[in-house]
Amino acid sequence: MLEHELRELLSGVRSGTVDIEKALQRLKDLPFESLGFATVDHHRGLRQGHLETIFCQGKTVGQIREIAARLLERGSNILATRADPEVYQALSELTDDLEYHEPARIVVLKPRPRTVSRGSILVITAGTADIPVAEEAAVTAEAMGNRVERLYDVGVAGIHRLLAFRDRIEAATVVVVVAGMDGALPSVVGGLINKPLIAVPTSVGYGASFGGLAALLTMLNSCANGVVVVNIDNGFGAACCASRIIRLAEGKGD
Amino acid sequence: MLEHELRELLSGVRSGTVDIEKALQRLKDLPFESLGFATVDHHRGLRQGHLETIFCQGKTVGQIREIAARLLERGSNILATRADPEVYQALSELTDDLEYHEPARIVVLKPRPRTVSRGSILVITAGTADIPVAEEAAVTAEAMGNRVERLYDVGVAGIHRLLAFRDRIEAATVVVVVAGMDGALPSVVGGLINKPLIAVPTSVGYGASFGGLAALLTMLNSCANGVVVVNIDNGFGAACCASRIIRLAEGKGD
Amino acid sequence: MLEHELRELLSGVRSGTVDIEKALQRLKDLPFESLGFATVDHHRGLRQGHLETIFCQGKTVGQIREIAARLLERGSNILATRADPEVYQALSELTDDLEYHEPARIVVLKPRPRTVSRGSILVITAGTADIPVAEEAAVTAEAMGNRVERLYDVGVAGIHRLLAFRDRIEAATVVVVVAGMDGALPSVVGGLINKPLIAVPTSVGYGASFGGLAALLTMLNSCANGVVVVNIDNGFGAACCASRIIRLAEGKGD
Amino acid sequence: MLEHELRELLSGVRSGTVDIEKALQRLKDLPFESLGFATVDHHRGLRQGHLETIFCQGKTVGQIREIAARLLERGSNILATRADPEVYQALSELTDDLEYHEPARIVVLKPRPRTVSRGSILVITAGTADIPVAEEAAVTAEAMGNRVERLYDVGVAGIHRLLAFRDRIEAATVVVVVAGMDGALPSVVGGLINKPLIAVPTSVGYGASFGGLAALLTMLNSCANGVVVVNIDNGFGAACCASRIIRLAEGKGD
Amino acid sequence: MLEHELRELLSGVRSGTVDIEKALQRLKDLPFESLGFATVDHHRGLRQGHLETIFCQGKTVGQIREIAARLLERGSNILATRADPEVYQALSELTDDLEYHEPARIVVLKPRPRTVSRGSILVITAGTADIPVAEEAAVTAEAMGNRVERLYDVGVAGIHRLLAFRDRIEAATVVVVVAGMDGALPSVVGGLINKPLIAVPTSVGYGASFGGLAALLTMLNSCANGVVVVNIDNGFGAACCASRIIRLAEGKGD
Amino acid sequence: MLEHELRELLSGVRSGTVDIEKALQRLKDLPFESLGFATVDHHRGLRQGHLETIFCQGKTVGQIREIAARLLERGSNILATRADPEVYQALSELTDDLEYHEPARIVVLKPRPRTVSRGSILVITAGTADIPVAEEAAVTAEAMGNRVERLYDVGVAGIHRLLAFRDRIEAATVVVVVAGMDGALPSVVGGLINKPLIAVPTSVGYGASFGGLAALLTMLNSCANGVVVVNIDNGFGAACCASRIIRLAEGKGD
Amino acid sequence: MLEHELRELLSGVRSGTVDIEKALQRLKDLPFESLGFATVDHHRGLRQGHLETIFCQGKTVGQIREIAARLLERGSNILATRADPEVYQALSELTDDLEYHEPARIVVLKPRPRTVSRGSILVITAGTADIPVAEEAAVTAEAMGNRVERLYDVGVAGIHRLLAFRDRIEAATVVVVVAGMDGALPSVVGGLINKPLIAVPTSVGYGASFGGLAALLTMLNSCANGVVVVNIDNGFGAACCASRIIRLAEGKGD
Amino acid sequence: MLEHELRELLSGVRSGTVDIEKALQRLKDLPFESLGFATVDHHRGLRQGHLETIFCQGKTVGQIREIAARLLERGSNILATRADPEVYQALSELTDDLEYHEPARIVVLKPRPRTVSRGSILVITAGTADIPVAEEAAVTAEAMGNRVERLYDVGVAGIHRLLAFRDRIEAATVVVVVAGMDGALPSVVGGLINKPLIAVPTSVGYGASFGGLAALLTMLNSCANGVVVVNIDNGFGAACCASRIIRLAEGKGD
C-alpha cells in the first residue's frame, strides 16, 4: 500500500499536480517503515534460509501455537526451541510435517531436504550432562543447512581422550565447545586450532558453579586466542553464529 | 635431537641390533613432545601469519623486553598489547623498526607491508570513551593483515545516527561492536545484519556498570541472533576471532 | 475523637479553666498522630483516586481476604496485585463487583467507570514473555484513571519493527518500557522521545540474565537521557509513577 | 546536499527524464539518514532547550575541548558534566562565557538568562557527603530552565529534622532524593507525597555499601509507591527526567 | 566420672602413693573435657534459662525426634525452630506437653509458667509478610522468659503510622525491627530511640531484593547509630541477643 | 519562636479574637517541628551523654571544620571519626582541648573526665591488622563513658591462646569481636559466653576476602546464638550499641 | 590394532621395505592416541585402585545405567555418586552385587573386601545437617581402601565439645572438615594439627549463607595454615585428595 | 609460673594443708592455658620445623619489626611474607643473617642449611604474570625444608608445551598449580597424575576475571579428581599444605 502512495506522489510530481517542494516535504515526513520495512523482512527471511524461530521459554503453549500457526500460513520453516513435550503436542495438532528432537528440546516444523554445507561445524562437549545444550546447537545448525559433527564427553581431565580426536577437530570449519563445571575445554581446544571457536557455558554443575557462572567466567577469561562466548546454555546462539561463519566460508555471505 | 634419537632407533631396527618388540615399547614410552612438538609450533606460526604476541599487563618491563628480544632473534613480527609508554621506550631500544599505537596501547615490532584481505572488519563503538578498546581491536586486526574500517560514537540512544550508516554496516564481512555502559549497541546492530558479530563490552561507565559487568551481561543476553562475546575490554580477542573468520571467508582457512 | 479532645482543650482556654502555659504544654505532648494523622490519610485517599492496593505476594489468602473485607467496608476501590487464581476465588466470595485480569495477575474490586486522562501512558514490551509485567503496569494505570496504550513485542533486534511505531511512541505523554534479557529497549526508545520514560526490567531470560539482573543493570546504565528504572517485574510501580506524571501534566498535581 | 539530490530526482520525475518506477526504486534505496536526519537532530535540540551535554568522564581533555569547540561553533549552550578543574581550564581557553560549578563538577558554557519554570524541582540529600551528586542534579536542572530548591542533610535517622520540612517537600512539583549508605530516605519521602520521586543512590559509604550497591538496592525495593531510580551517582540523569516532567506539568510537553 | 578420677588422683597425692611430679604430668595430659565439660554445659543450661533448642531445617524428622527424645529424658525445655507441621506431628508423639506456634514455625516442648521480665522486647515489622519472622523472634523471646510486645505493619512509607506509636517504641527496653524489601525501617526507628536495636532482614520481596540481600545491606549501612544486624530471616538469633540484653538490664547478667 | 506563635494563638482563643474552630484548623496545619523539634534534639543530646559525632569520610576538611566549629559553640563534646591527620590539623586550629587517637583515626574535642561505667566492654581482635578497627570501637566507647578492655591478636587458628583468656572474656558485660579474613572468631567466642556479642567484620585480608565480605558473611551465619553484626570496619557502630547495653545494665536506660 | 600397525612399520624397517626417513615421517604423523592411549587409561585404572566413578547428577537414569553396564563388562568396581533411589533401582537390575549408602547418596557396584590403609582419614562435621556430605566423603574414601573415622556435630560454637576429641583429631593422618553456615570449623581444627586438612563447605544454612558461599569464603580465607578447600558439597573430591595423600603416606605414591 | 602454682597446690594436698575437695574445685577453675599452653606451642614449633611466619600485609613496618625482633630473641627462623622492600630494609637492621626473595616478596631471617626432602614439590604456572605467586609458594616450601622444582609458563592454550613435561609432572610427589585468568591448568594437570594437586588461583587477568574470582571458581569446579584449592594469590598456603603432605610421605607425619 505504501508503494501505492509513493507511486501516487511521484505521479503527482510528474503531472505537475504536486509541487516539488511539497513532495520533498512529504518524503521527509514519511514514516520510516514505509520505505521497505516489509521488504527488509523479506530479504532477511531469504538470507536466514527461510527459517523462522520461536523461543518457547516464557511463552504460554497458546501463544506458541498461535505464532506457529501464523508462520505456517506464510509458508515458513519453523524452529521451536526450548520446547517441552506439551509444546510438541500442541504443534503436532497444526501439522503432521514436524520432528521433535527431545534431548535438544527442539521442534522443527516443515523440515526440508536441503543442500548441506561443505564445511562442517564440530560440536564438542566436556561431559555427558552437557549433551542437551550441544544438541540444541547441533539440531539448530542442521536445520540451517549446515553439516554438523558431534564429539561428546571429551573433557580436559582426560586430555588424551581429547587429543586422540585432534584430526577431527582440526578438520572442522568452525568448532562449538560446550562445557559446564570448570568450563576449561574451550581453552584447550582453542590452543589446538586456528579456526573460530564458539564456547557455550552450561549450567551443569553444583555448588560454586553458580548455575553456569563459573564456566562462563572461565570461557571469557580463556587464554586461547579467538575464543568467543555466548550465554549459559545458549546452544541456539552458538549455532546461529557458526552458521553465519560457514556461509561466509562458502562464499554465501550476502 | 629427538629426531636424532628416533633415527638411531630405526637404524637399530634396520640393522637388527634393536628387537622389534623392544622398539615398539620404546616408541610407546617416548614423551609426546618428541613427535613433532616443534613442528606443530612451526605450523602454528605459519597459520597465524608469522605474528607473535606479548600481553604486557602483569609482566615487568624487563620480562617483556627479554621475551621480545628472543622473538626478534627468531625473526618474528611482534604485537605487544597493553603496552604503556615505558614498554614502548624499552622495546625501542631493541630495534628501530617499530610503531607505537598510543590509543590502542599496542607496539608493533617489525611491521611489514602485507597483502590486505578483500573482506573487511568493521569496528563500531557506542561512545568516544570506548575508542581505546576499539583501537586495540582495529590495530590488532590490521597487523594480522585484515582490512579494517572504523565507525565510532554511534550509540543506540541516537538510533538515527547509527542507521545512517546501515550501508557500511551491511557491507562488512565481520562486525566488531565495542560498547560500555548499557552495552545495548550489539543488540541493535545484530538485528541489522546477517554476518558474524563479535561484541566487546568495555569498562567504560560508573556506578552500576560495575567495571563493565553491566555491558557484559547485556551482550550475553542479547536478543539478536548470532551475537558472540569476549571479555571486558578484550579488543585483541575480538580481532583474533574476526581475523580467523576473514581467513575462512577468503578461502585461507587452513 | 482527637478533634474532640483538642476542641475541649481550646474551650477550656477560652473559658479560662485551662491556663495558656498548660495548654501549650499539652499541645507539645500530644502524640503526633493526633494532629491530623487520619486526615492526612483521608487526603491521601483522595489524591490517589480512592484506590487502595493490596500486594498479595507473601501474604496468606486469609490475610488478603481480611484486608480486602475491611477496605470494602470503608467503601474503597481495591487493586489486589500479584493475585493468583485462589486469591481471586477468595475475593469473589466477598463481592460480585470485581474483575480478574489474569495475565496481569490483578483483581480489581469495585471497579468504577471514571473520567479518563487526556494524556496517555504507552506501555511497550520487547518480547511476548514480558507481557504479564506490562499488563500489571497497564491494568494498574487504567484502574488509576489513565488512558493506556499497548505496543508489544517490538524488541531492538528488529529495529525496523520498533521505528515503524515512532509516531505512536512520540504521541504518548509518558512511556513505560518493559524488557527482560538484554534490557536494551529503553535505551533506544529513550533516544526517540523527550518525554519521561520509565524502564521496567523483567525476570524473563535464562543463564546470565540472573533473574532480571542483566536487564536491570542495562537500564540503570542507559545512555539515553532521562531513563528512570523500577524493580525487576515491578509493573505496578511503573504505573504509579506514570500516573503521577499524567496528573501533573493535566494540572491535577495536588 | 541530500535535499539537493532529492530535489534533482523529483525534478527528473517532473521533466520526465526519470521514470516513476525507477524513482520509486531509488527512494527505497536511499540511506535512511537522507530523509531528515539532520532535521530530527535539529528538532531534538529545540525540544531539549538548546542544551548540548558532554559527559567528560572517560574522555581525554583533548577530546572534550574539540567537541566543545565544534558545538560552540553551532552556537549551542553546553553542559560539561564530570568535569575536573583541568577540563574547566581547557574549556575556558575556548570562551570567557562560562561558569564552573565545582562541587557539581559541571562547566556551563554560554549560560543564558532564561525563563524559569513555575513548578519546582526539590533536591534532597540524606547527608553532607551526598551533596556533590545533588549539585550535579541541581545545576543540570537549573541549566535546563527549571526552578530548583535544595534541602540537604535530612537523613531518616533524624526523622524530625526531615518532617520539619514537610511543607516544602509537599510544595515541590518533582522531588529528587539523593542518598548513599542505607539509601532509606526515598522510602520515607515517597510516603509523604503524591508527586513523582526520583531516587539517586550515591557511592557514599564504606564496607557493605559496595560502592553504592546497597543504596541502589534499597531504592529499587522501596515500599513507597512510585519511586523510580537512576544509576549510582547519576545526578544528571535524575535532572533530565525531572526536567521532562516539569515541562509536561507546564504544558510544554511537545 | 571424671571428677571421680580427679579425686582419686588427689587422694593418691595426699596418701603419698602418687608422686607430685607425676600428678603434675597427669593433670597436664588430661583431656580438656575432663575438667568440667559437662559442668560447663550444665551452667550454660542454667544461664540460658533451662532452654535447649533444635534448629530443624536441614535435619530429617527422624533426627529431630531422636534429639528431642534425648533432651526430654534430661528434663529440658525444648524449642524446636523452623518446624513444619510434620515435625510438630512427630514431636507430639513424644509428649502431650507441647505447643505449636504455626506462623512462627516453632514447637515448644514442656513450656513452663515462668517469671516474666520487667523490661520488654518490642518486635516491630514493616509489613504483613514479615510477620512469620517476627513471630519466630517473639515466641523465642517469650519462651526465654521475656515480656514481648508486638507492633506489626508500620513500614516507613507511611511514616505517620509509625510515629503514632513512638511512645510504645520509646518505652521498650530492646527493639527488634523486622523488615524485608527495602529494609529501611531500622534506620528510622534507630533515630527515635537510644536503646539497643536489633535489625532482622527478611527474604520478603522480589526481583532486586535478591532473597533478602537488599534489606540486609540496607541495615548494615544504616545511618542510625547502634543498629546491629542478624542473618536474613533469623528471628531466633535476634531474640537470643535481645534476651541477653534484658537479663543484663535486670541484673541477671551472670 | 514557634512557642511564641502558639502562645499568641492560645491568647487569641482566650480573648475570643480567635474562633475555636479556626484555632483547631491552625493547630492541625502547624508544621510538625513546631511542636518541640529542638527539645527532642536536646533530649537526645542529654541521653547520648552530650557527645556529638562527625563521620569525616566523604566530607571535605572545610565542611568538617565548619561543623565542628558550630558544635563547639554549642558547647558539645565532639568525636570526629575516620579522621586523617589533615583533619586533626584543621581541628586543632579550632581549640587546644583535643586528642588525636591515630590508630583509631579519631579526634576527640573537649574530652572530659567522666564517671566510668562499672560494667566493661571487652574488645577482642583476631589479628594485628584488625587493631585500627578495634581501636575505633574502643576509643569511641571510652569517649561515651564506658570502661573498655582490650584483648588483641587471639584468632581461632591458635585456639589455646584464646581459651587462656576465658576468664577475662566471661567477666565482660558486653564483648565486641573484631576480625577480618575468615571472620571465625565471633563463632568461637559466642560459644563461651552468654552475654551480648557484637561482631565487627574488617576489610583485612586479600583475594576471596572481597574487602571484608567473607568475614561479614561468616559472622551473619554464625552458629553461636546471639551474635549480632555491624558493617565492615564499623568499630564506631559496635561501640554505640555496646554503650547502650552498658547503660541498660547500669540502670541508665532512659 | 595400532600396535599391529606399528609392528608392521618396524618390520618394514627391519626388512628394508620401508625407508628410515619415511618411517620417521610416519611416526611423527601418527595420531597421538595411537601411542598407548588405552594403556594409559589402563595404568590409570590400576593406580586409582580399580575404581571407576559415575557422577549421576545431570545424567538421565538411562545414561547412568548404560555407562554402568559397560563398566561392569570391563570388570570394574564402580562408585555411583549423587545417586537417587531411582538410580539405585536401575542399577540393581544390572547386578545383585551392590550396596546403597542412602545418606551418602552413593551406590557401590561390586564392592570388594580390600586391604585397608594403616593411616586414617578423619571426617568431621560441624552440624547434623552436614552429615550427608560427610558421608559422601567417608563412603568414597572407604571404597578407595582407606580407613575412615567419623566425628560428627562438633561445631565451634561449643568449642569444648570439639576440644574433647583433640586426641582423635591429632591421631588422624588426614582430616576432612565438613561445615555449612559460618564454615568456621576448619580454622579451629587447622590450628590444632599439623597434618593436611581438607575443608568441605556445605550448602547447609539459609539467608546470607547463599547456598554455601559464606562457608566457602570462610574456608578460603582461613587463618589456619595449610587448609585447602574443595567445591561446596563436594565430599567426593575431598575423599579423592585425602586418599591420594594416604597412599603417599603409605609409600604407595606411584 | 603456672607449673609452680600447680606444684604448690599438689604439695598442699600432700601435706594436708589443702583439702581434696577444695583442690578439686581449684583445678576446675584453673584457666585452661595453665595446663600446658606453652608446651603445646613448643611442640608446634618443633613440628613446623622451627619456622615462624609473619604475614606482613596489613601490618605497619613498626609492628613487623617488633614481632620479628621478639621472635629472633627466641632464636626462631622467620619467614616474612608479602614483604615490600621497606619491610626488608627494616628487618635488615635487626640482623645481617637474612635473604630477600624479591619476586616472592619474602624475607627469610636466619635461613639455615637443612636436610632437604627426598620427595619434591613441583610448582607450575600457566603464565609469566603468575610467577610472583608461584615464587611465594616455592620459597616458602624451600624454607620449610622441601625440595622444590619449578615449571613456569605452560598454560593450557599450548597443550603440547605442557605435555612435553609430563615426565617431570608425574615424577613430583605433590604438584602446586598456579594460574590466573581462566584458571584451567589444574584441570588438565589433575588428569595427568594421581598425586595430590593444590590449585592456586591468582589475581592475574582483567575484566571478567574479577580479581581472580574467575580462576578460583574454575578450580573449585575442576572436573579432575582430587584438586584442592586455596585462596587467590595464596602461594604460602599451598606451600604449607604441600609441605605437610611431603612430611607424611617421608614418614615424618608426627
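Each chain carries a letter (A, B, C, D, E, F, G and H) given by its place in the written order, and its residues are counted from 1.
Everything below uses one rule, namely that a contact is a pair of C-beta atoms (placed from the backbone, for glycine too) under 8 Å apart; a residue touches a chain by one contact, two chains touch by 3 or more.
On a predicted model such as this, the values are computed, not experimentally measured, just so you know.
Novice: Count how many hops through touching chains it takes, at the least, to reach chain E starting from chain A.
Specialist: Tracing touching chains, the least step count from chain A to chain E comes to 2.
Novice: Compute the centre of every chain as the mean of its C-alpha atoms, then state which one is farthest from the centre of chain E.
Specialist: Chain centre farthest from chain E's centre: B.
Novice: For chain B versus chain C, which are copies of one sequence, does the interface use mostly the same residue numbers on each side, meaning over half shared, or is it different?
Specialist: Copies use mostly the same positions to touch.
Novice: Please tell me the distance, in whole Å, between the geometric centres of chain A and chain D computed from their C-alpha atoms.
Specialist: One centre to the other, that is 39 Å.
Novice: Where the centres are mean C-alpha positions, what is the separation of chain F from chain G, in Å?
Specialist: Here chain F and chain G have centroids separated by 51 Å.
Novice: Check each residue of chain F and list the ones that touch at least two other chains.
Specialist: In chain F, residues 32, 127, 163, 207-209, 213, 216, 220-221, 225, 231-232 touch at least two other chains, as defined above.
Novice: Using the touch rule from the top of the page, what pairs of chains touch, sorted by label?
Specialist: A-B, A-C, A-D, A-G, A-H, B-C, B-D, B-G, B-H, C-D, C-E, C-F, D-E, D-F, E-F, E-G, E-H, F-G, F-H, G-H
Novice: Would you tell me which residues of chain F are touching chain G in their complex?
Specialist: Listed in rising order, the residues are 126-127, 155-159, 163, 181-184, 187-188, 190-192, 205, 207-210, 213-215, 217-225.
Novice: Note which residues of chain B are touching chain H in the complex, please.
Specialist: Counting only chain B, the residues touching chain H are 31-33, 37, 40-41, 57-59, 63, 67, 201, 203, 211-213, 216, 231-234.
Novice: Flag every residue of chain H that touches chain B in the complex, lowest number first.
Specialist: Listed in rising order, the residues of chain H that touch chain B are 127-129, 160-161, 163-164, 166-167, 180, 204, 206-209.
Novice: For chain D, which residues are in contact with chain A within the complex?
Specialist: Interface residues on the chain D side: 3, 6-7, 10-11, 13-14, 16, 20, 23-24, 27-28, 30, 32, 35-36, 39.
Novice: Show me the residue ranges of chain A that touch chain B in the complex, using the header's touch definition.
Specialist: Residues 44, 47-48, 53, 119, 173-174, 194-198, 216, 220-221, 225-232, 236-238, 240-241, 243-245, 248-249, 251, 253.
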